[in-house]
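Structures are listed in the sections that come next.
Two complexes are shown next, each including chain A; its partner changes from chain B in the first to chain C in the second.
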Partner chain A sequence: MYSAIILKEWLKTRRVFFLGLILSLLIAAYAILTMNSVIKTFGVVSIWLNMLLKDASMVDVVTYLPLAIGVALGVAQMAPEMSHKRLKLTLHLPYPNMKLIALMLSTGIIEIFVISVIQMAVIAVYDLTIMHPYLVGRVMLTMLPWYLAGFLGYMFTAAICLEGTWRMRILLALPSIAILMTLFMQSGVMAAYNRMLLIIILLIIWVAVLSFGSIIRFKEGLQD
Partner chain B sequence: MKRFYYITFTLLCIAVLSWVLPWLVSLCFPQSDRDPFVGFSPVNDKFIVSLATETGEPGKVEYKIWDVDPVTGETTTTYTTEERDSLLPEIYANQLASKGLMPDSLNGVEMTMHNIRRNRWMFNSQPRNLNRTVPHLYPLMESMPKRFDLENPTVALYLPGEVQVIDMGTNSIDTLKTRRFAKMFADRGFVFPAKEASANVTVRKAYDNGYLLIDANNDLYHLKMQANRPSMARIDHPADITPAHVFVLENADRALYGIVTTLEGRTFVIARDDYYSLIELPGVVFNPETDRMTIIKNLFSWVIKVNDGDKSTWTALSSDDLSLIGTYSYEYPANTLDIIEPWIFPFTTSFTTGNDYHVYPRIADFSWRAVFLNIVLALILAVVLKRRESKCVWPKLIVTVIFGIFAFIPLILKLK
Partner chain C sequence: MSEPVISVKNLTQRYGKGRIIYKDLSFDVPKGRILGLLGKNGTGKTTTINILMGYLKPQAGECRIFGESITEMRPETRARIALLIEGHVQYAFMTIEQIERFYSRFYPKWNKDAYYELMHKLHVSPNQHISTMSCGQRSQVALGLILAQNADLLVLDDFSLGLDPGYRRLFVEYLQDYAKAQDKTVFMTSHIIQDLERLIDDCIIMDYGRILTQTSVNDLMRDFSRYTFTFDGGKLPDLTDGDTGLINQSLIGREAEFYTFKPRQEVEQILTAKGLSTPDLERRPMTLEDAFIGLTGKY
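Moving on to the complex of A and B:
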């Protein structure tokens, strides 16, 4: 049953996963080509000085992609469950409901994690060839909130999709949008979110509660 | 789990609303505090204060200009803009020169444009520039370039627990320079790690003064790279001060190396005379982590403005010996938002401030005044919940009394 559920989730999300992975690699390649172009025009020192003196991470193009992937994966995975009330069938599987939801969410989280790690690794490997590991670490710390926003976006999307009533979906969407906004619109300075990383990780875990709550409400018959 | 779900949702809403609602209210009441410009007149030895005020017509302002005695704090005269220009000839030199009103000399000092420009500089410090995740890689300029013009740095210092000079072009350690710098740091007694390093890394300046450093023992050092070799000096300081922050100066008069602030709240300049002598700026109370500072130095005086957010204080010092002439303070009038907000919100949440570049939730502006509105909202909620025959009424009312409007909005929504 365990592997069957994972297979079911994989079949639902594989297209979005590969699309997200390809898009991530293309965006990473674009960021690298942009840096290459700057190096050829102004020299590699200009990259260092831009980072050290102007707080330019040179990878801003990545900013919204992890969030888009997280939301897309959440929709691809959870929306089919809600169409024609298929979630009822899922919940009738001979597997504890809460464990089932945890397994579903874990599948999505692992897929986002894989995409994020691959993209980060590609950028980090290139950066290490042109700049000091300390600077590469700063670039990674700058990107980390964007990837965490992908996980958070996924969790919120899952909770909203699994919710049975439109009224509650809208009510869940409003704080979700506001919280996700804080991850992008507050500062463009490198490593500005360092003090908030642990809070975001705890928030991701906490927000998972909303998906379980949506399921309980669904089982109680709170559906449109 | 269901109760936990509702608690989670309500807490999320409280967190978000405590951020969004104060922000929306602040949009309705934009703050327009205008800072007066204050100069010290060498003509009448008084502060000259210029405050722009709204005329009522959009985009148009008129200036209210008056003087303040630096000792008594009394105002005796108001001035027109033309009169102000004449009272502050070093600041409005171009205006006066264009009208042929520039005096030949003042207080025995020749008032040529060359003399004015050479003895005039400005320094500005903002808390944001310190309160950020500062990269501990320090681009190092060549202070004695082969050609006259300054060039962009090609090496960077990395001071984790030892000296590393990184060649930025090849992304590798420059072993020769590393060896030279390491020896120099050891010879001067520098203790790692470096607490702070300050420099102005730009080619848009007349010369390079390198870095001012504070080591782990709170000792001050001055470091430059000259002809690819390190030049380092240890700067003695009084035993009763602990340097906290340093700022490099590269002014046209070349009289100073920089500014030092201390944990004790004192501010010093590092003078070139007498081999790095520290001279205190009397009357200046400045914490660079919370206050903004502007120094305008000219032929006759230094005017140092320190803004702590609630008020600005200008301190005038004599340019000759940096003795205190007097101070002037200006407190910003309370605006509508400051008056209204404490009555509506029990607290506010924000993620950024104007004083730093960090992003994290900060809960502030706690106000007991909001409890009146909170009780009214709790009573409204009690009536609504009674009509709905809701469960857990008391916890909801208590939460509303504590969190006020932030809890009232999610709780009044009929969640089912």
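Moving on to the complex of A and C:
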């Protein structure tokens, strides 16, 4: 049964997944071309100096993309469930409801994970050809919160979409936007969020629980 | 007598904290019967189905399906129930073939042939997306999936919504053959009473806040009557006044009309007591729709 549920989720999200993957590769290529152009003009040392002295990661172009992909994937996956209250069909399937929702969320998480890992790997492989692994590690740590923002954005979007009433959707959307803006979008300094990574991961787990709350409220009849 | 498939006891529900939809609603659906829940818009038909399927927590009362409380229904029990949501909603992002494969994984008694038999009649390609189909075609997909599921209980919420007469007829005929041949229990609602007349064994007719009658269609058509007589005397007296058992009287032109469960002899006595001479009193043939209007009124 779980393979059928995963297939259903894949059918809803595959277009956004491939679009996100292509965009991620294009953005990674753009970041690499930009670094290449700097190297050709000023030499590779200028890249190292920029990173060491100015805390510039050289991959800022990636910042908002994982979040955008997370939100788009959440909408693509959960909006069809709420349109015409199709969620009733899903909850009527002979499969434990909460396990089913966990499986749906896991599918989205895995898709975001795959896109993130591929983009990170492309950038990391290129960076390793031009800089010391220590600097590559710093670049990856700088990017990590952006990818975590993708997961968090996805979880928030899923919980918001699965709510049965617009009132609750708005009540969830306001803190979601505030948290994302506060946590991820304020500092462009390299590895600025290192000490907060654990908190961000815990936050993602907590936000995942919100989706289950949305389902419980839906089953209690809180629907527009 | 075997345990009812659906058992509802003292169900009470309101719109939020406001108007009461119904209070102390109780009914049973016996095994192998087709029961239609009939009522005007807003009387709580879909609400009842939402409660039964676990999408709405009732404010009071208890519902059991196959002896199991709906609040703790096991997935195995859900597998025994086929559900049609109002508007024939299905996973529109799937194709004809994908949706069949998807559902087949969940239901142990899945009958693929029943689904494809219906799909072949629609002349649709297995790769056609449900989102590109007409409302009538989608209704057949939903019906095909229900037949293939081979469930013991079918719960159908307003199956006729949005369907033209041809598709409504097709739906009714297929469902009737299937339910009778396989001894299925069906609990259904529809706002088009005509469609149900040939299909249902029993009916519950609801008004705002209460059940007006719960009986077999045969008994209803035998015991409930529409009478007419010619009235020339100006203003028709209130025949319903004083617990007469006569309901929903009307006067159109010279023809007076009322409905009742009383036998003819008692009706004549009541009319005489009201000072009316009715030599042409006539019991008129009725359809289920006439009986429904007779019970619920036209407004």
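Of note:
Note that the second predicted complex is superposed on the first by the 224 of 224 C-alpha atoms of A that agree within 3 Å, B and C clash if a C-alpha of one lies under 4 Å from a C-alpha of the other, contacts with A are read in each partner's own complex, and residues count from 1 in each chain.
As a working rule, a contact is a pair of C-beta atoms (placed from the backbone, for glycine too) under 8 Å apart; a residue touches a chain by one contact, two chains touch by 3 or more.
Treat the numbers as computed from the prediction; the structure is a model and nothing was measured.
Taken together in the superposed arrangement on chain A, chain B and chain C fit without clashing. In the superposition on chain A, A:Phe113 contacts neither chain B nor chain C. Within the superposed three-chain model, A:Trp48 lies in touch with chain B and out of touch with chain C [touch as defined at top]. Applying the stated contact rule after C-alpha superposition, one finds that A:Leu11 touches chain C and leaves chain B untouched.
Of the two partner chains placed around the shared chain by superposition, chain C is the only one that A:Lys85 touches, whereas chain B remains out of contact.
Across the overlaid complexes, the C-alpha centre of chain A sees chain B and chain C at an angle of 140°, to the nearest 10. By the touch criterion defined above, A:Tyr126 lies against neither chain B nor chain C after alignment on the C-alpha atoms of chain A.
In the superposed model, A:Ala178 makes contact with chain B only, not with chain C.
Number of chain A residues touched is higher for B, counting chain B against chain C. Of the two partner chains, chain C is the only one touched by A:Phe218; chain B is not. Taking every C-alpha atom of chain B against every C-alpha atom of chain C, the smallest gap after superposition is 10 Å. Shared contact residues of chain A with chain B and chain C: 220.
Those residues of chain C that touch chain A in the complex are listed here as 50, 53-57, 75-76, 78-79, 81, 83, 85, 87, 89-94, 98, 101-103, 105-107. Across the interface of their complex, chain A is touched by residues 1-2, 4-6, 8-9, 12-13, 15-16, 19-20, 132-133, 135-137, 139, 152-154, 156, 158, 166, 168-169, 171, 201-202, 351-352, 357-361, 410, 413, 415-416 of chain B. Chain A contributes residues 43-46, 48-49, 51-53, 98, 129-132, 134-135, 138, 168, 171-172, 174-175, 178-179, 182, 186-187, 189-196, 199, 206-207, 209-210, 212-214, 216-217, 220, 222 to its touches with chain B in the complex. Against chain C, in their complex, chain A makes its touches with residues 1, 3-4, 7-8, 11-12, 80, 84-86, 88-89, 91-96, 218-221, 223.
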